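These notes open a run of structures that come right after.
Below are two complexes that have chain A in common, paired first with chain B and then with chain C.
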Partner chain A sequence: MRRRLLLLAPIAVAAWLLPYGLGGYTMHVVDVAVIFAVLAIGLGLTMGVAGQINLAQVAFFGIGAYTVAILTSRTGLGFWPAAVLAILASIAAGLLVGIPALRMQSHYLGIVTLGLALGFINWVTNAGIAGRAEGISDIPVPPLFGIDLSSGYLYYYLELAVFALVLVFALFVTRSPLGRRLRAMRDDDLAAGALGAEIPLLRMTAFVLSGLYGGVAGVLYAGLIRFVAPETFNIGNMFLLLAMVIIGGRASIVGCVIGALGLAFVREALLDVSAFAQLGYGIVVVLVVVFFPKGLAGLPAQVFRRKTGERPRLSPFVPYDEVPPADARSVLEIDQVTKRFKGLVALQDVSLSVPARQIRGIVGPNGSGKTTLFNVISGFYTATAGRVRLDGASVGGLAPYRLSLKGVARTFQNLRLFEDLTVRDNILVALDRTRTSWIWRYLALPWAVSRYERSLRGRADEVLHRFGLTEFADAIPRSLPYGIQRRVEIARAMASLPSLLLLDEPAAGLNGDEVGRLAEIVRSIRDSGVTVVVIEHNMGLVMSLCDHVTVLSGGRVIADGPPDEVAVDPRVVEAYLGDSMAAPTEREAEHEHADR
Partner chain B sequence: MQVFLQTLIGGITFGAVYALVAMGFSIVYRTMGLVNFAHGSVVMIGAYAASTFYMASKVPFAVAIVVAIVVTGLIGLIIERFLRPLENKDFTLMLIGTIGFGAVLEALAILIWGATGHAVPSPVATEPLNLGGVRIPTYSLLVIGVAALATTMLAFFLRRTKLGAAMQAVAMDHEAATACGIHVGRSNAMAFGIGACLAAVAGSLIGPMLYVNPTMGGTLGIKGFAAAMLGGFGSMPGAIVGGIAFGLLDAFAAGNFQAYSELVTFVVFALAVMIRPTGIFGEATVNRA
Partner chain C sequence: MRLTIVAVVLAALTACAPPGENSGSSGEATGPIKIANVNAQSGQLSSLGKWENKGVKLAVDEANKAGGVNGRQLQLDLFDDQGDPTVGTNLARKISSDGYVAMLGTAESAVTLAMAPILKDAKIPNITSGQSPKLAELKSPFLFLNAPTSVTFDETLAKYLVDEKGYQKIALISNNGAYGSGEHDAFSKSLKARNVTPVADEVVTPEQKDFNSNLAKIRQQNPDVLFIGAEEVQSGLIAKQARELGLKAIFAGGAPMGTDVYATTAGLANAEGSVVSSPYLSNEASPAIKEFAAKYKAAYGEDARLHVAKAYDGASILIEALKKTGGKGGQELADAIRGVKRDGLLGQYNYDEFGVGIHETKIGLIKQGQAVPATAS
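Take a look at the complex of A and B:
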C-alpha cells in the first residue's frame, strides 16, 4: 500500500504541473479528456465490476449536462445548486434505467439501455425546453470564490480535484465488501445470492453508481464548455466510451482511466479523419476482445506470466472445536413438498425431518429430484405445494439471500465458484453478512467500512487456514485442481457460519484419498453443531458417513432410515438396479425402438 | 378510419422489413445464443450495396438485391470467423465484439459512400392502388411479397433440408450436435451468413422507403431487435409477429406523437419487455445454464 502511494506521488505532481507546459488548446483537450475519464470510471463500475451491460452511460452524462443547462438558463438558478440537482437527476435516471436490469440481463439489458439512450437524444433534439437541435448556449461560468473558471487552466484544477475524489471513491468501492459482492454477482449471480448477496439491490446500486458518475461528468462538461447540444450525447460517443473501457480493461478502474485518457487524445488527433478514426477504434475493439479480453490492464499479467516458484500444497484440515450436543430439535422440516415444472412433477409430496447435528444422506437415481429438493430448500425454486420449515419457522418462498442470512449454506453439483475472484475473495464474499442497506456507510462512514473489511480479512485467513487452503489464497479457482476447487466451495459455504449445510455431490470427481478427507471434514462440521444434508452417489461414502439416509425415486421418498437398513430395502434395490424387467422406462423404450 | 387504414398499411410495410431484420437476429441467436449488435450495420451495408448497384448499372432491382446478398453474406462470414474463438465462452465479450464490428461497418460506409447518404428511386413506378379511398403503394405490396417469399424460403430450409436440420440440432444442444458429427463452427457460420443475407434483403427493400445513410443501421438494428424480442427471441413466427407489431407501434406513434415517436416507441418497448421479457411466443433459446 505504501509503495503504491509512493508510485502515486509523481503522477500527482505531474498532473499538478501539467498545465504549465501546455498551450491553451491542448489544455482544453486535457479538460475534455478528464471528463471522459470520469465517465469511463462510471461505465467500468457498472459493466466491468458489476457485469451489467449499460449502453445508456452517455445519456446519464447528457442528463447531467442538460439539467444544469436548463436550470441555469431557464430558471436562473445558480450553477452549483443546479449542479447538485443535475447529479440527483442523473442518479434518478440511473434508478429508472436500472429497473429493467431486475428482470433481464446481458443482451436484453444492452438493447433496452441503448433504446432508452436513443429516446433521450430524440427528446432533447425535439423539446423546446432543451433548445432542440441548436442546444443551449448561455450556461453561466461556475463561480468559485472569485476564481475565474472560464480559464481552461484554472478549470483543470477543479476537474483534477473532482477526478481525484471520484477515482478514490471508485477504488474504495471496488476493494470493499460491496465491490466484492458486485464482482461476485458478475461472475455468478446464483451463487452470490446463495451466499447472502441481495442481487436486485446490488444491480440497482450498479446503475446508481453509473448515474452518479454520469451526472458528475455532465456537470463538469456543462461548466467547461458552457454549451450543450444533442450530438455530444449520440451513439457514436457511447461507442467511443465503450471502446475506452474495453481497451483499457473493463474490470480495472485504473485501466478504464488510462483507456479514456488515451482514446480522448487519439480522438482529438484524428478529428479531421473521424471516419478513419472510427474504423480504427472498431478494429482495435474487436482485436482486444478476441486477443486481450482484459484490455490494457490485463496486459502486464498476460505478458509477464508470474514464474511459479514452489508449487503450493494443500495443508491438512484443522478440525472445528466440538460443541456438546444440545436438545435434539429438528432443524429442517420438509412437509409434503411438491414441485411441478409445467407438466413435469419433479417432487411429489416429499416429507422429511432432519434433527440437529445429523448428517443426512439423500440418495436416489439420476433425475429423482435430489437437486430440485436442494433448490427448494435454498430458495432457488418455490415449492408448488407444501412447506419448508427451518428451526420451526416457515421459510417457503424466501429469496436465496434471506435463507443464507438465516443460516442455510450450500454447494453446487457443478461447482459455482466466482471465476475471476481469488480463493480468498471467494471466502470473503461468504464472510460478509451485511445487508445491502448497509451501503449508506460507503458515503457517510468510509472508515467504518475499512475497519469492517480488515476484520473480514482476519477471519478469511482463519477459514483458509482451517481448510488448509492458505497457500492457494491468491490463486484463481479455474487454475486449481478439481479436488481443491471442491474444498474451496465447502470452505466458502462454511465461511457464512451456517446452521444447515447442503452439499450437492461433494465427492464427485474426487479420488479415494480426497473422499476420505472429505468425510473427515464433514464429520468435524457436524460435531461443531452444524446440520449437514448431503446428496451423494458414492455409496461407500454414504454408508460410512451418514447417520440417516433418505432415498428418492421419481420425485417421491421411497425409503428413510439408517444406512444399513435402507441399503437392503427391496424398493431401493429395485430403484437402483432398475425395474426394466417389469416395465421399461420411457428412455429405454425409445432405445429399443431405435434399435429396431 | 381512412387515416387509420392508411397508417395500418404503412405500419405493415415497415413491419415486414422489421420482421426480416428480426429474423436475422433470431437465426443467429437461436443457433449460438449470441445477439449480433452489428446486424443493423449489416442491414445498412445491404441497403447501400443494393441501391448503389441499382442506380449505377440500371440492372433490375432483383439483381441488385442478389448482389447485396452476396456482399453482406461475406461480411457475416467474416464476423463469425473473427469471433469464433469466443464462442460458448464469454457472451459479454462477443456482444462487445459485434458492437465493434458495427462501428467498423459504419466507418467503412462513411469512407466509401460519404457521410451524407442518398435517396433511392422506387423500383416500381406504377400508380398506387386505390381501395375504397385507401391508397396502397405498389411498392408496399412488393415489400410484403418479397418478405413473405424470404420467410417461406427460410422456413423451408430449416424444416426440410439436412443442413437446416443440422442447424436446429446445434441450436438445441451444441455438444450433442458435435457428437453427431455436425461441425458446430460451420453451422454457426451458416447462421451468421443467412442472418446477413436476410439483412441484405431488408436493407434493399427499405432503401427506397427511407433515405439511405450510414447511421440508419443503429435505429434499424434496434427496431429489428426490439421486434425479435417482442415476439420472443429466437422464435421465427415470433420474429414475424413482433416485426409487424413493432411496425404498427412505430407507425401509430409517428402519427400521434410526431417528433417524439422514437422516444414513445422505445419507452413502450422497454415497458413491454419488462412486463414480459420472454416476448409473445416465449424465448426459443439454447439453455446455457
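Take a look at the complex of A and C:
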C-alpha cells in the first residue's frame, strides 16, 4: 500500500506541474479531457463493475449541466447552490433510469436507457426553458474565494481536486464489500442473491453512482464552458464515452481514466478530419474488443503472463470444532408444498421435516422435482401452495437475500461461481452479511468500511485455510479443475455461516478420492451444528453419508426414512430401476485408494 | 519521510505564481494582423460556411493588395466549428490564446452565441453572420451583426403580407433548429401584433426530409400564405412537396428563400412567386452590387449571393475599423467598429448598442429563380 502511494506521488506532482508547460488552448483541451474522465469513471462503475448496460450516462451529464444553466440563468441562483441541486437532479435521474433495470437486463436495458437518453435530448431541443437549439449561454463563472476560475489554468486545479476525490471514491467503492457485491451481481445475479446481496437495491445503487458521476461532470462542464447546447449530449458523444470505457478496460477504474484521457486527445488530434473521426473511433473499438477484450487495463496481464512457478496444491480440509448437540428441534419444515409452472406440476403436496444436525438426502430420478424443491426453500421460487418454515418461522415468499441473512446457504447443480472474481473474493462476497442499506457509511464513515473490510479479509483467510484453498486464493475459478471449483462453492456457502446448508449434487463430476473427501467435509459441517440437505445421484454416497433419505418421484414424496430402509422400498426400486446405482461409492473409493 | 518531502515540494509549488500565459490578444505592433474566420467547413451547413469564407477572403485579399493596414498585411486563418457550439467554445479559447485581434463568422447563431461570452472576456470583437434576435439580446459590446436580425426580416415580411396585401389565412412551418425557431418566434410575434392567428403551426426537425404529414395538415386549412422558417435546402424541399400535395398558398420566408439553392431544390416552377424578405435581393440591384458580383465571379467563378455579400461587408467594416486603430484590437477596435458608417452591399450600416448595423430589409419576389424587388412587378 505504501509503495503504491509512493508511485502515486510523481503522478500527482506531474499533474500539479502540468499547466506550467501548456499553452492556453491545450490547457482547455486538458480541462475537457478531465471532465470526460470523470464521466468515464461513472460509466465504468455502472457498466464495468456492476454490469448494468447504461447508455444514458451522457444524459446524466446533460442533466447536471442543464440544471446548473437553468437555475443560474433563469432563477439567479448562485453557481454552487445550483451545482448541489444539479448533482441531486442527476442522482434522481439515475434512480428513474434505474427502475427499468429492476425488470430487465442486458440488451433490453441498453435499449431502454438509450431511449431515455434520446428523450432527454429531444426535450432540451424543444423546451423553451432549456433554450432550445440555441442552448443557454450566460452561465456565471463559479466564484471560489476570489480565485478567478474563468482562467482555464486555475479551473484545472479545481477539476484536479474534484477528479482526485471522485477517483479515490470510485477505487474505494470497487475495492470495498459493496464493489465486490456489484461485481458478483455482474457475474451471476442469482448466486449473488443467494449469498445475501440485495439485487434490486444494488442495481439502483449502480445507477445512483452513474447519476452522481454524470452530475459532477455536468457541473464541471457548465463551470468550464459556461454554455450548454443539445449537441454536446448527443448519441455521438455517448458512443465516444462508451469507446473510452471499452478501450480503457471497463472493469478497471484506472483503465477507464486512461481510455478517457487518451481518446480525448485523439479526438483533438482528429479535429481537422472531424467528419471521419467517428469512423476512426469505431475501428479502434472493434480492434480493441477483438484483440484486447479487457482493454488497455488488461494489456499488462496479457503481455506478461504470470510465471507458472510452483503448481498450487489443495491442502487437506481442517475439520470444524464439534459442537455438542442441543435440543432436537426441527430446523426446516416443509408443509404440503405445491409448485406449478403453468400446466406443469413440479411439486405436489411435498411435506418433510429436517431436525437439527441431520444430513438429509433428497434423491429421485431426473425431473422428480428435487432442484425445484431447493429453489422453493432458498427463495428463488415462491410455492404455489403450502408453507416453508425455518426454525419455526414461516419464510414462504421471502427473497433469496433475506433467506441468506436468515441462515440458508446453497450450492448449485451446475456451479455458479463468480467467474471474474478470485477465489478469495468469492468467499468475501459470502462473508459480507451487511444489508445494502448499510451503504450510507461509504459516504459518511469510509474508515468504518475499511475496518470492516479488514476484518472480512482476516475471516476469509480462515475459511480458505479450513477448506485447504489458501494456495488458490488469488486464482480465477474458471482456471481451476472442476473438483476444486466444487470445493470453492461449498467453502463459499459455509462462509455465510448458515444454519441450513443445501447442497445440489455436490459429488457430480468428482472422482472417487474427491467423493471421499467431500463426505468427510459434509460430516464435519454437520458436526459443527449445521443442518445439511443434499441432493445426490450417487447412491453409494447417499447411503453412507445421509442420516435420513427422502425420495421424490414425479413431484411427490414416495419414501422417507433411514437409507437402508428406503433402499429396499419397492416403490423406490421401481422408480429408479437401476438408475445410477452403479456410481462409485465412498467405501469402494476407499478400497481403490488402499489398493494403490 | 519521503512523503513529507513530497508534501513540502507541493507546498512550495502552491506558493509559486499560478500558471497562465500573458494574453497577447491586442497583438504585437509588427508582423501581420491576425484575423480568425470561424465557419462550418464540415457537416450539414458547410456550404454556408464556405460562402462566408469566400466573401471574407475577397475583402481581405483586396485590402492586402492595396497595402494592408498601416503597411501591415492581414493574416486570415480559417477554423472549422463543425456547426457544433461546443467546438465553437473550444475555438473561441484557441483564438483568444493565439493572439487574434478579431473574429469573423460564424454563420450559425447557436455557435456565435456559445462563443460570445468567451470573446467578450478576451475583448476580441466578433462580426457574425448570424441573425438570431438572441445575439442582439446579449448586448455584448464585442459582438456585431453584419445583417439584420430575424425580427427585422419577419417584421418587414409581415408588414408586406398582412398590411399591404391583406392576407389573413397564414400557415407556418419551421424547424426547431436555432435558425428555424428564431424565424418562427419572430414571425409569430409580428403576426400577433397584427392580430392574425396562424391557421396552422407545424414544427419539424432540421434533419427532416419528408414533410407530407405536416403539409397535409396545413392543406386542410387551405391557407393563402405558407411561411417557411428553414434553411435553403429544407425550404426548397418543403416548397416542392407542398406543390406536389396541391397546396396553392404563396410561399414566404427570409433570406434562404432568395437563393438559387432554394429555387433549384424546389424546382423553378414551384418557387415562382415566392415572397422573400432580404436586405440583398439580387446581384443586379445597384451599381455597387453589380461591381461586387463581377469581382466575385472573376475570383471564384460562381455567382455572388447574400451570404457572400454580408460576409464581405462584415470584413470590410472590420478592415476600415482596423485602419482607424492602426491595427490595435480590444476595446479600441470594438469602439471603432461601432463608429463605422458604411454604405454596404446590404444597406446603410449604422451600429446601435445591440450590435445591429442594418435595420431594414427589402421584399422581393422570385421570378425564374431570381429575386426581384417587389415594387418592380
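Points to keep in mind about this one:
Rule of thumb we're sticking to: the second predicted complex is superposed on the first by the 577 of 596 C-alpha atoms of A that agree within 3 Å, B and C clash if a C-alpha of one lies under 4 Å from a C-alpha of the other, contacts with A are read in each partner's own complex, and residues count from 1 in each chain.
FYI, a contact is a pair of C-beta atoms (placed from the backbone, for glycine too) under 8 Å apart; a residue touches a chain by one contact, two chains touch by 3 or more.
Keep in mind the model is a prediction, meaning the values are calculated, not measured.
Residue contacts after overlaying the shared chain place A:135 against chain C, while chain B stays out of touching range. Shared-chain residue A:17: touches chain C; no touch with chain B.
In the superposition on chain A, A:247 makes contact with neither chain B nor chain C.
After overlaying the two complexes on the shared chain, residue contacts for A:126 are found with chain B and with chain C alike.
Residue contacts after overlaying the shared chain place A:227 against chain C, while chain B stays out of touching range. In the superposition on chain A, contact is made by A:239 with chain B only, not with chain C. In the superposition on chain A, A:261 makes contact with neither chain B nor chain C. Overlaid on A, the two complexes show chain B and chain C touching the same residues of chain A, namely 125-126, 275. Chain A contributes residues 5-6, 9, 12-13, 16-17, 19-20, 22-25, 28-29, 32, 125-126, 132-135, 137-138, 150-154, 225-227, 229, 231-232, 271-272, 274-275 to its touches with chain C in the complex.
Residues 47, 51, 53, 99-100, 103-104, 106-108, 110-112, 114-116, 118-120, 122-123, 125-126, 235, 239, 242-243, 246, 275-279, 281-283, 285-286, 289-290, 293 of chain A are the ones touching chain B in the complex. Residue ranges of chain C in contact with chain A, taken from their complex: 2-3, 6, 9-10, 13, 18-21, 23, 42-43, 80, 82, 84-87, 89-90, 93-94, 96-98, 109-110, 113-114, 116-118, 121, 132, 134, 138, 176-178, 180-182, 203, 206.
Of all residues in chain B, those touching chain A in their complex are 34-35, 37, 82-83, 85-86, 90-97, 99-108, 110-111, 115, 215, 218-219, 222, 225-226, 229, 233, 259-260, 262-263, 266-267, 269-270, 273-274, 277.
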